[in-house]
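The next block holds one structure in the form of structure tokens; read it before the comments.
We call the chains A, B, C and D, going by the order they appear; numbering starts again at 1 in every chain.
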Amino acid sequence: MSAASGYALALGQALLCLALAPGLIGLIRWLKARMQNRRGAPVWQPYLELRKLLAKETVVSTNASWLFRFAPYVVFTSTLGVVLLLPVLAVPLPLGAAGDLLVAVYLLLLGTFFLALAGLDPGSPFGGMGSSREMTVAALAEPTIAVAMFALALGAGSTNLGEIVARAMARPAEAVSPGYLLAFTALFIVTLAETGRLPVDNPATHLELTMIHEAMVLEYSGRYLALVEWAAALKLLVFFTLMANLFVPWGVAVQLGAGALLLATLTYVAKLAALAAVVAVFETRMAKLRLFRVPELLSVSFVLALLAITASFLSR
Amino acid sequence: MAATLLAVMVGAYGAGAAAALLGGGHPAGRALSTAGAVAGAGAGLLLGSQVLAGGPVWTFAAPDVVGLAGGILLRLDALGAFFLVLVGMVAAPAALYGVGYSTQYAGRYSLRGLGAALNLFLLATSLVPLADNVVTFLLAWEGMSLASYFLVLTDHDEPETVGAGNWYLGMTQVGLAFLLAAFLGLGAAAPSLDFADLRVAAAGSTGAARGAVFALALVGFGSKAGLIPLHVWLPRAHPAAPSHVSALMSGVMIKLGVYGLLRVGLDLLGGGPPWWGVLLIVLGAGSAVLGVLYALMEDDIKRLLAYSSVENVGMIILGVGAGFLFQALAMPGPAALALAAALYHTLNHAAFKGLLFLAAGSVLHATGTRNMNRHGGLIRRLPWTGPCFLLGAVAIAGLPPLNGFFSEWLLFQSLLPGIGVSSPVVAVLMVLALGMLALTAGLAASAFAKAFGITFLALPRSAGAAEAHESPLSMRVGMVGLAAACVGLALGALPVLATTGAVAAGLLGPSAEPPTFALGLSFRTPAGLARMSPAAVIVGLVGGVALTWLVVRALASRRPLRFADTWGCGRVGQSPRMEYTATAYAEPLRRVFSAVYRPTEDVTVDHHPESRYFVQSIAYRASILPWFERYLYEPLLAWVARGGRRALALQSGSVHAYLAYVVGALVILLGVLMVTGAP
Amino acid sequence: MESLFSQLAMLGSSLALIASFLLLWRRGIPAYIDAFVLQSLALGATTALVGHFTGNPELYLVAGLLTAIKGVGIPLLLRRMARRLGSGRRVPPYVNTATSLLVGGLLVLLAYVVMRPVVQLSQLPTRAGMPLAMGLIFISLFVVVSRRHALTQVIGFLMLENGIALLAVLGTYGIPLIVEIGVFLDVLMGFLVMQIFVYQIHETFQSLDVEQLNRLRR
Amino acid sequence: MSEPTLFLLLLGAPLAAALLAAVGSSASRAVAASTGLLALGALAAALGLAARVVEGGVPTWGPGELFRVDALSAVLAVCVAFVSALAVCLGPASETARHARTFRIFASLFAFTMLVAVTTNNVAVMWVAIEATTITSAVLVPLQVSRASVEASWKYILIGSVGIALAFVGTVLAYFDFVALAGARESALHWTVLMAAAPALHPAAMQLAFVFLLVGYGTKAGLAPMHTWLPDAHAEAPAALSAMMSGVLLAVALYAIVRWKAVVDLAVDGPLPDRLLIGLGLLSLALAALSLLGQRHYKRLLAYSSIEHTGLMCMGLALGPLGVFAAMLHLINHTAAKSMMFLLSGRIRERYGTADIRHVSGLLRTMPITGGLFVAGTLALVGLPPFGLFLSKLTLLRAGFAAGHAWLMAAVLALLAVAFVAFVGHLNRMLYGAPPAGVATGETGRGALVPLAACALVLVWLGLVLPAPLETLLDRIVEITTR
């Protein structure tokens, strides 16, 4: 696969993810509305919101400094960077050599770090509370992601995501091994925590005392809010892609044929929809946990990850 | 060439000290002494890099000085050169920074003493990695401890500073006692105390003796490096010292504890059984997690940085421990990688911790207080210090694209081969170490989000913070210098890794060859586990931000920004008292880790005289349980004090008791004579 | 001839030992001084005896000096001091008489055990008296330790010097003359300085009970 | 100069000084100058004798070789003369006129007795001289009459005399053993004769004698448990006298132990003497180091530090040839450091009027040079590098490890660490903080500081370089004392 077509593939994947991310959020909201027998906004509603926000005037707090205006760009770019490292459609990743799963994890943490600082800058109590709680959850989720990912990496003999997927494709029996299942559940819990989904944080509400992610972005408006919302959507897409392609690798194209890529895109969208449905069902049934019960949830996921790594070690 | 560089280094530091002593009072003298320090640091840097770049190992002997114990003997090999470079890198900016910073002491304390002690401290610290026999090592080591003790005591009008000084000197002396025992125990049978003879003696000695020497050296060097539970002096001494001295102590001096461990553990003893590595990993992981946990709870910015030094030393020792363990399990490739990662993180930590302490010093210089709950809104008032602190915070939290991330990435990669190892104990240990390392990284990010956010962002919480003004040029130059070092270390990750790999291989003995990083745009770790390209990550991020900025500017509306009040549910006016404080920021984590902290809180609310429902003021005091002081040091000190009292009881004042002691001694000795029986 | 010499030497040294037991038994400074005089005379006689039997004229000079200084001079000063400073209210010693006599006996036994290997080495006829001399040394040490009155302690110290001189005479037929004179000078000077201090103690503490000298602690 | 004149100058000068002081009026400058000059003369003579010994000779003098100076005596003679010169020159300045006269008389006599003790070849004369040192120094302890100084002097004279009497018992027993072996001979009590006859002496008697000698001279050297008089005497005596006592009198008593240990080692080839010395040394080190913790007076602090260092030296003597080398070097370093410290403490007490650490603060502000030298002295005493004590302590520990006493040396290291923390803790309380009201700032009597600074320089010089003549002297000592 020549370098040029490789970079074209990478760009294509990036654009595809950019496009799909808001739709994924819209799909989940729509599914939840339908399940609560409401008509719900159409799936493409988020796209309209983004366009509206880009066109609107930007209001910035008098207390905020240049960091407040710089942070959204960093958050957006770091999340986009993670997408470049993920095996979305085809396996021999063009930018595989640039970074592995650790780089991905830490890029996400960079985004959270700057968002937390931006939350503090306007000086409102909500921003401070959101940022403090976000960093607490991020700090506790960090070990789980790392250990869960290493469980897979150990099986595949390399921490580069492309090789993990290739390895899983080569030996499908392994994908159903206990190590993978435990890692998948651990990663699923962490996804809910990191992207601010229900049991940890309620994305739909603006009730000051309960929101974590929303509290930090309370002060943003106009194009900054668009960037931050898009980055949040991208982050959700990243976690869904990780869960989809790492644990259910079928459908990822191995060679660069037009037909294979089309097939890969379709299976990828189908998998995302299925995961969205699972999350939507999960959120309608679950109530929000008290903040100080969240660490117990995260420690459960950490134990699962530890078991995953020992299981994958035993199977070697 | 090397000999002249050494002469220049020693001469420059000496001249600097002399200039400070003679003319320390007025500016010319202080400028001269700083010039001496900077020249010395530069010469050290050149000397180290010359040997690191493959220059010959050279020795220098002055047998007549201190001849009784073997004379002065210096030898510069790769390991020594690496640490010499580390000293030079932090010393030059810190010395420059000192010029501006020490003006605040002008009236109160003798600048003469400060300048002289600083130069002597740098000279001794530069000579420690060069020493090649026990007495030179001890002279340099004690010179370093003594000079830094007097530097810590610069601000001796504060009662807590003298207390910190006592703790610091006490711990260094206990550490020295252990070092003496280790070196002399090792060299008991050796003809002389030169390291060459010690290597021969170590090869010949029994496993138990080598284990004992290693344990003693671990305590001695661990107390200097700040490993748990020997770290208690660090959060007391560093905040009390002037900030450029704290930068040197945290950035450079505690690294020489790591140097000592490598020199004794790998070079002199030539590695040992697996339990050495396991012990180091356990201590390292413990120090890392507990260090960052305590850092989170600090409201004093310099104490936070001091505890974060404990955390980073824990991570370094984790890497060193992995190196020891793999060498014991005959896995030279992963061992070299682990040591290379540890050394690279040592260098990075020296750079960004130095930067953070200098920036914290600038904040202290501007606002007059170290309490973060009094700071705020400094990013506008200190346009140079703010970005420097942010850069340092991003680096120390291990976030891309800076150097902290690359060395932590390498530390993770160096632990991975351990999981595949056959013996279950090692595998489980590695998994737990991995988990704790990841937890530390997360908590570090949270700690430094708090440190930067509360200190620099939002509104100023006190008059001092409100009227803060940027620090003088010399302090800014110092900070920017170290910031450049951080960025340089990130960009130059590959060549730096090559040198640390060579140093690590040198340490592991002739058999091990340096870890082959496929050094192109990206490098592949020897175990083939991971590929990562620092350049791609940096270019990707910086380029990405610029690209996004351009695209958004094109897409978004042309209308200018509008400024308005922060949203406050409709209230009028925003006051700093509404903001989150450092204590509040860390409160969720205090609840989560309450088992470790055992927090105690007392809240006193005094109500309005007329009605119970209106509150006049609320006083909230929270404190966490200082485990090590309460359950290790206080009982120890109490036991020694009791011994002291019992010894003093002997001096009861009565002549008859004294005479009874004399006669008693006579009778007892006669009894001993009777029992042993004359031959 | 040998046996007569050794018996007389034994008589002299046992007389000295009995004098020390007298001190343990009796009460009051004057009684202590009398015991000390008896002991010094016994010591002088023994020295003269040894001088006679071994035909060494120097010992006569030593015996003379000994009886003059320790037998007459020092007791005179002691009596003057006792009279002037007054033995004050009776200061009970730490140990009552019965126990101190018992301890004295034990100490003599200890002296025998200690000196047994040493005595076998020597062939001198007077060697049998050495354990007694050592016993005298131990008893005088006990006196210095257990008595509370400053003057008694001084007398105890003087008895200690007597014991050593006796040991020297019995064991080695007298140490060389210049050393002997040196020792005498030392004992005399030591006594004089102690005398000055006793007066100073009396001046500053208004009593000679050494128990009050316990302000310097720690 | 020929040997006899050297001896005459060495021993005659202090006597002449005492006579001159007694005759002349106490206030006159001439008397002060001449006594100082005579003391320096004695120092010159000691150095001359030492030079003669370095060239290989063993100068002897007096009837029947009564005085003999070998390497050991030369080192001790130089130390005694150096400290006496220091004390006689600086001491009287701080005393009132009446006391100055008594001080000069008895200080010179005290120096004379110590010089006789270290240069005589006859062990009995050595005993007589050491007993005389007790008497001459005891007179000076209660110079300023107070309840405390009277009590200290009584304890000093009583315990000192009783202790030293036991040493004479030991001397008599040794002489008895020699007589039992080879009959009474005129020069029987000469050390050289005893050394020659030592292998034939009976171990039983010599062991018994050594016990008495060790307890006797141990009392004078301040070894535990016979040390109890030392803190009181040194703290209450005038500063110059305690400098002489702590600095060099303890060393003279240790000299006597070294002399006798050489004899006993030849007679008794068992490990008992070494074990006794290590036992007492360790006990002294332990008691002194622990007692430093609770101290409240800085002069008592220095006294306990003397006990600690004497204990260390005593252990060094029992650690083989390298141990003896280190112990003797430690003795020289300690003499210089301790005498300087006591003289400095005298100046501090004069300025602050109290010896209580809690009432002394801001020393660096009120007396910067004295404070600086006090800090240097403290760092030297706790064994920090640039000073000589660090080197001798390191060599001593190395000898200990080489002799296989690893655990013993570990205990020593722990105790030295305790002593360090205690000493520097007290020092900090004195140096920093605001000076108490009514204490004048600024140095007075700068002339006296010059010799003290010279002491500090000697310490640093000995810390960095071991001069060749001193090394030959120390090697010679090791030859004559260890078999």
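In the analysis below, a residue touches a chain if its C-beta (ideal position, glycine included) is under 8 Å from a C-beta of that chain, and two chains touch if they have at least 3 such contacts.
Everything numeric in this text was worked out from a predicted model, so none of it was measured.
Novice: Name, by label, each chain that touches both members of the pair chain B and chain D.
Specialist: Per touch definition, common to chain B and chain D: C.
Novice: So how far apart, in whole Å, are chain C and chain D when each is placed at the average of its C-alpha atoms?
Specialist: 31
Novice: Find the geometric centre of each of chain A and chain C from their Cα atoms only, then give the gap between the two centres in Å, rounded to an integer.
Specialist: Their C-alpha centroids are separated by 101 Å.
Novice: I'd like to verify one number: the distance from the centre of chain A to the centre of chain D, where each centre is the average of its C-alpha atoms, in whole angstrom.
Specialist: 79
Novice: Where the centres are mean C-alpha positions, what is the separation of chain A from chain B, in Å?
Specialist: That pair's centroid distance is 36 Å.
Novice: Spell out, as numbers or ranges, the residues of chain D touching 2 or more other chains.
Specialist: 154-155, 158, 162, 204, 208, 231, 291, 294
Novice: Where in chain B do residues touch at least two different other chains?
Specialist: In chain B, residues 648, 651, 655, 659, 666, 670, 678 touch at least two other chains, as defined above.
Novice: What are the residues of chain C that contact at least two other chains?
Specialist: 114, 117, 141, 144, 153, 210, 213-216, 218
Novice: What is the complete set of touching chain pairs?
Specialist: Chain pairs that touch: A-B, B-C, B-D, C-D.
Novice: Chain B touches which residues of chain D in the complex?
Specialist: Residues in contact with chain B: 154-155, 158-159, 162-163, 166, 203-204, 207-208, 211-212, 214-215, 218-219, 225-226, 228-229, 231, 268, 270, 272, 276, 286-287, 290-294, 329, 379, 384-386, 390-391, 394-395, 397-398, 400-402, 404, 406, 409-410, 413-414, 416-418, 420-422, 424-425, 428, 431-433, 463-466.
Novice: Chain A touches which residues of chain B in the complex?
Specialist: Residues in contact with chain A: 376-377, 379-380, 386, 390, 394, 397-400, 405, 408-409, 412-413, 416, 419-420, 427-428, 431, 434-436, 438-439, 441-443, 445-446, 449-450, 452-454, 456-459, 521-522, 528-533, 536-537, 540-541, 544-545, 547-549, 552, 555-557, 559, 561-569, 574, 576, 578-580, 584-589, 591-592.
Novice: What residues on chain B touch chain D, complex-wise?
Specialist: Where chain B meets chain D, its residues are 64-69, 135, 138-139, 142-143, 146, 153, 156-157, 162, 165-166, 169-170, 173-174, 176-178, 180-181, 184-185, 187-189, 193, 640-641, 643-648, 650-651, 655, 657-659, 661-662, 664-666, 669-670, 672-673, 676, 678-679.
Novice: Within their complex, state which residues of chain B touch chain C.
Specialist: Touching chain C from chain B are residues 648, 651-656, 659-660, 663, 666-667, 670, 674, 678.
Novice: Taking the complex as given, what residues does chain C use to touch chain B?
Specialist: 94, 110, 113-114, 117, 141-142, 144-146, 148, 153, 210-211, 213-218
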